[in-house]
Structure formats: structure tokens, C-alpha cells
């Protein structure tokens, strides 16, 4: 394949992403809603942390300001990229699969472009709101340095891609089961407990050890930890782990798709 | 007695206009632009009890909007509607007990359950006595031939089977008026025919007034006694199917085939298509446009489009017979579809009304293939 | 119509709807079990979170682990009940947007009730059951407390349903309110689950107004712990008021309903 053909091929995905971003911009309510929830969520958690740190200087190596900033960054991954599943599941269930399969683009690639078109907008808006909220509620983050800000953004981007491929894999269980929302709930809540609401260090030791073997810490913990505590070396390790899980999740989604596709072509949608 | 009366019904929608481009998207986020669209502008008609009426019009003509105003789903922006003596906009709940509706693409049956369960639920919704419901259901199952499907989940039924169930379901509460919005859309020929027969039977047996929209001329020809055509939100035709068909019948397509090539000309009537007998041997078919001077050549076959209000058909046939030995002669009606397409093709309501007006009255513009009005003797 | 026949007609209608709903669920027995189990697992994960946090801090804002588990149980069961009986409370906006409201407008039953009741959410059964399971493990359980709990599950279910439906009804006014309504739903659900005391007074009024978590979780907790029966009727009156308000908002929106030809493509 020539370079220009490759550009053309990718061009259509960029167009899909743009369309999806424009669609997102159609209604003011789309942003107002999630910004409101996020803002309130951050506020409420800052209160909870205030109550938890009443009379304590630190818990599990985090002080009040670190915990609040950790939460702010960890939630960007959830609010920006945490809800792809619903659109994907809707598409898969409404029988649009057959039409999409007949079109000249990769099934997963198409959905990736569509999801990211909206997700990047969402995450960007939420990230800016988080920075503002954090400055008001907890002041400048401890150990603030510019390299942290840059690494946090890259880490969030990887987390977003990982979110997509994991959720896509779950959504594609629709090839086999009618109502697959429960799978997503479980995934979502596990991700919430493992590294989103609380830094990983709060968990009992056995849970920390177990979590390392799952992709969950790569979703929220990695960017959160890089934002408030990690050294440059630890940051690179965390991001390396994120990339490894991203590769694995990409592969997983391909395998699920191939199996599902085979099932459809044998039994019909 | 009139069961439906519409008097100057109007409906105007407000839609948001979104210009193209990402930048414009941001702009309309702050300040949306609105535009008013008149979907229905002053529609009046009446439907009598027991009528089977076709309500026609091209996509976007305002058919569905009108039906929604008649059933109380939408309130008219202006004008009045009465259905069974009730005002749909104000007395929707009361009215809904006496009307049924089948919207081709929207199901009232539960997708994951067999129709029998939906029937039971409809019985409860319409407050039909359980014993009455069972009796009525048995009758409908019998008539509609639903026995094999009653215990199969709806999602496993074919579209034709599903629509049959839909219609039976909407007849369950014995409605006095049945609204059908494109009931045969997407069905095959056999399924369509079945649905038409069942609807005709329902109109007869259940004494229900049927108000039908469709794009399928077959539905309308087979089923309806009267047609209302709306276009650009206005009524452009409101007449009996007989009149509408009569208008189609006024135009005949006459085809003739001779044993030997003949050479002749008929005054004021040129063929729309001829098969010329080429002297060199190779016979070819040419359109009328391509053979401007065809009248001078020799033909073995030709066809004519004849307006019987200008030319007497027997005279033409006699004239043709005199020219040579006829192998085959066909006389066909112009399809109703062409007439309706002519009306649909109009750019505005007024133009459509003009296209729909019978052409004889003042005998103005003559059809292409005929000479100015008046009968001619063929020589 | 006679009042009695009106009531019996509606009772029959709701009864049939519920039984048809249940049958629809039973069409997918395996799925039902998977989902119910899935939701319970999800809830258990949250119990873990609270366990961890309280283990580290020894109580938050005066709430111990069992207090938090109580509001969890109550919120879970009420939330479940709302979605079992009125499965369309979270889809109302989408139904309006797609013009599927027509179907309900054509039937001679109250549109709001007919629409909400004509679906059940399978996974909600898991939530509903979970609350009762957790209750069994709480200290000091008695028949009286079970009665209090059950009563609050019903009032809470109504408050949840009323609030969610009201949020979805905003679609009538905004064209697409999915983000705001899901925000309200998530917010209300999440914050019924945190100790009320961590919020400062300026914030707490929210829990007794637009996001009535107070009436779903916090007041009941006080009643449950103190066996304070007198507060129960009050909670019921509040619940019915929320239902009335939600109903009015829907009726108001219905007037604006412009049906579904979806002028302007994909929403």
C-alpha cells in the first residue's frame, strides 16, 4: 500500500471522528450535564476526604490535597471515556451490525473513531474543569511540576484508548447474549473501586497484588498517581504497563470480533 | 353520517437549523437558529361512516401529520377536526377507545412475547370484558388465520405475519374507525394481497371506517372507494376512485401490428413508437422522437396514445383496419400510477391541483400526440 | 366513569402489564439470573469500597460501616423496585425523541403510567433482592424493622421513579436532555449512598429538594435506628408530592410534544 492510500484510508476514520464530534456539539445539554455531575462529584468527594482526614495528616501515603487531586484526574478517565459502552451496545443490538459490516471500513476502527471523536471532546472539557475545581478546592497540587502535567495528559490518552477497547470487547458480547449491560456494570464498578475512588495504596495488600494482574489500574490509577505522587521513573513504568495492556486489549477486541463475526455469518444476525 | 371532519387543519413545526461545519456547530451551541415549516396548510375533508378512504400524497406531503392530528397525537396549529363527534386534541382519551391505528413501522405488540400476551394486555388497556375479549380474539384469529402464530414470540414472525397480527390487535377493541399508515410497506405481493383482502373484509364485517395511507397504488385500487390526495400540505384531489380511474380510462394506449408493411398517415395523431420496415432488410425499433418523419415511412407495427375525449376509438380502429391486414391489435388503459405521478410531480399545491384537474372542460392545451380539440375523421 | 370501575380498570391494566412484563423477563430466564447476579456482585463491590475506607479511617462523618450498609440496602432495593415497576423511567426521553410516544397516545390509558409501566428492567431484580440480603446481616433486625424497611423501599421507589421521570421529561423542553437526566439519575443514586454529615449545611438542602436523597436514605436511617414511627407518614406524603410534581411536569411537556418525524436526521 502506498503512503497516500494509507492517508486516504485513515482519512475516513478522521472524518467519522469529526462527524461524531460535531454531533456531540449539537446540544448544549450534552456538556452541561456531565460537567455538572463531575463538578458535584469532585465537590462531594472533597468533602468526604475532608471528613476522612479530620484529625489525620496522611492515610496510606496521601494527604488531603493529594487525595483530592488524585480523584480529579482519575475521574477524567471515567467521565471522558467511561461511557462508550452504551452507544456501542445500542448499535450492536439495533441490528446495525449487518449494515456496518457491509461498509468499507473496519468495524472496530469505525467505532473507535466515533467514540474518540466524542471522548476527546468530553475528556478535554472535563480535564479543564477538573484543573479549575482542584485549584479552588485544594490549591496547587503537591509536588507540582510541568512534566507531570504533560505525562498526565499522555497517560489519560492511553487510558482512553484502553477504555475503548475493553468496553468494545464487552459490548461485542451482544453477539451472544441479548442483555449484556450487567457485564459492563461489573467492569465499571470494579474499575471504580480499583483505583478510581481510592488510590490503589488504600486497598488491602492482597487486593493491591491482585490488581496488578488486571488492566484496571491502567484506567485511572496510572494518570492519578502520575499527577500527585509518582517519580519520573515510576511514571514511565506505569505508562509502559498502560501500553502493554492497551496492546492486549486491542488484540482481545479483535479476537472477540472475529468470533462474533463468524457466529453471525453462520447463524445470521 | 360523517365520522371524520377536517376543517382547515393546519400544522406548523419549528425546527432547528444547523449549518454545515464544525465552527458553525460551536456557533449554534450558543445561539440556535430556528425555522418554521408548514407541514399541513389548511386541509378540509369529510369521511362518511363505513367508507374506505385512500389518503395519498408523496413523502413529506403531510399525510402522517394529518393522521396524527385526527388521532389526537398532535394538536392542530389552526383549524378544526372532529372524529366520531369528538375533538381529538381535547378528547383524545375518550376518542382512543373508539379508534384503532396501525402504523406500519411502529408496533403495538410486545417484541419478545407471543401475540396472545399482547392481546391480553390490549384487552386490559381497552377495558374489554375478559369473556368478550376471548370470544372476539377467537373470531379474529380465525378470520386472520393467526392460529399458528399466537404462541410464537413476535420477533420470530415474518413482517407479513406481524402486520396481520397488528391489524387484528387493533380490531380487538372493535374500533369504529381504523387508521392505517402504510400497512403494506415492505411486504411481498402475496402478503400484500392478503392484507388487502383482510382489510376489505374488516370494513364489511366489522363495519369499520377505514382511513388508509399508502404508496402502493394496488392497495388503493383494490380497496378504496374514494381517494384524497394531498401535496405540499394541501388537498389537491378529493373524488371517488371511479372518477379517478375514469380519468385514467380516458387515455388509451393502442398498439397495432400488420402482416405487411403499410404506409399511411393519420391526421393529428402520430405514433409514439413505430417499428419501421427497413427496405434494406434490417428492421429497427425507433422512438417517435427519433423518427420525426416516420409518417412517411413504412411500418409493420406502431402504438398510439389516444385521448378518447378528442378521438373516437372505433373510428381510429376502423381507420387502422382499412390500411392492411392486422395481425394483432391491443387497447390498454393508461395506468392510474401515471396520473398520480403527474400530480405528485408538481412543484406546489396549486400546480398539483391544476395537474389533477380534468383536461376536457375547457379543452385547453392539447396532449402532445393529438391535434387541437375536436373529432376528426380518419382518412 | 364511576370511581370504582375506574380503579378496578386501572388495577386490571397494571396487573396485566406487570404479568406481561414478568413473562417478557422469563422469556430470557438465563439472562435474568445472570443480570440479577451481576447487579448483586456490583453492589458487593461497593460494600468492599466502604469496608476499605472505614477500615482506614474508623468511620466517616459519624457513620459506621453498618449505617452505610443500611442506606446501601435501602437505596438498592428502592432503586430496584422503581425499575421493576416502571422500567421506562430512564428511557422516557429517548421514547419521546423517537416519536414512540404516539403508541401510548393512541391507547385509552394514562400516557405517563402506561409508558412507564410497560417495561421492566431485568437487572433491577438483583438490586431489589440485594437490599433485603444485606438487611439480614445488619445488627438488631426485627420484624418491626423489616416492616419499616419495606415501607421505605416503597416510598423510596416512588421518589426515585418520580425524580428520574421528571429529569427525562426535560426532553420535551430541551430536545435532548439525556446528559442532564443521566447526570441527575447518577448523582442522586450515588449521593444517597454517602453519609449526609460530610456535606456542609449549604449543600444539604439539595438532598431534600431536587435530588431527594434525604427522603430516600437519610431520614429512613434515623427512623430505622431510633424506631421512630412518627416520621413514616411524613416520608410518604413527601413521596406522593414528588409523584404529583413529576406527573405535572410530564403533562406540561406533553403539550409541547411534536411527535416524531425527526426533522433533521440523527439526534
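Each chain carries a letter (A, B and C) given by its place in the written order, and its residues are counted from 1.
Please note the rule applied: a residue touches a chain if its C-beta (ideal position, glycine included) is under 8 Å from a C-beta of that chain, and two chains touch if they have at least 3 such contacts.
Please read all numbers here as calculations on a predicted model, not as lab measurements.
J.: So which chains count as neighbours of both chain A and chain B?
T.: In this structure, the chains that contact chain B and also chain A are C.
J.: Tell me which of B-C and A-C has more C-beta pairs in contact.
T.: So, comparing the two chain pairs, more contacts are at A-C.
J.: Round to the nearest whole Å and give the separation of the Cα centres of chain A and chain B.
T.: 53
J.: As a quick test, compute the distance in whole Å between the mean CA positions of chain B and chain C.
T.: 48
J.: Quick one: report the Å distance separating chain A from chain C, using the average Cα coordinate of each chain.
T.: Taking the average C-alpha coordinate of chain A and of chain C, the gap between them is 28 Å.
J.: Out of chain C, which residues touch more than one other chain, so two or more?
T.: In chain C, residues 28, 175 touch at least two other chains, as defined above.
J.: Counting only residues that touch at least 2 other chains, which ones in chain B make the list?
T.: Chain B, residues with two or more chain partners: 18.
J.: Would you give the residues of chain A that are in contact with at least 2 other chains, written as numbers and ranges?
T.: 26
J.: Could you list, by residue number, the parts of chain B that touch chain C in their complex?
T.: 13, 15-16, 18, 37, 64-65, 68, 71-75, 92-94, 96-97, 99, 101, 103, 106, 108, 110, 112-113, 117-118, 120-121, 123-127, 153
J.: Touching residues of chain C toward chain B in the complex: what are they?
T.: For this pair, the touching residues of chain C are 9, 12-13, 15-17, 20, 23-24, 27-28, 100-103, 105-109, 114, 175, 255, 257-259, 261, 263-264.
J.: Given the complex with chain C, which residues does chain A contribute to the contact?
T.: 23, 26-27, 29-34, 36-37, 40-41, 43-44, 47-48, 50-52, 56, 59-60, 177-179, 181-183, 185-186, 189-190, 192-193, 197-198, 202-204, 207
J.: Would you mind writing out the residues of chain C in touch with chain A in their complex?
T.: Chain C reaches chain A through residues 28, 31, 34-35, 37-39, 41-42, 45-46, 48-49, 52-53, 55-57, 60-61, 122-123, 126, 174-183, 186-187, 190-191, 194-195, 197-200, 203, 266-267.
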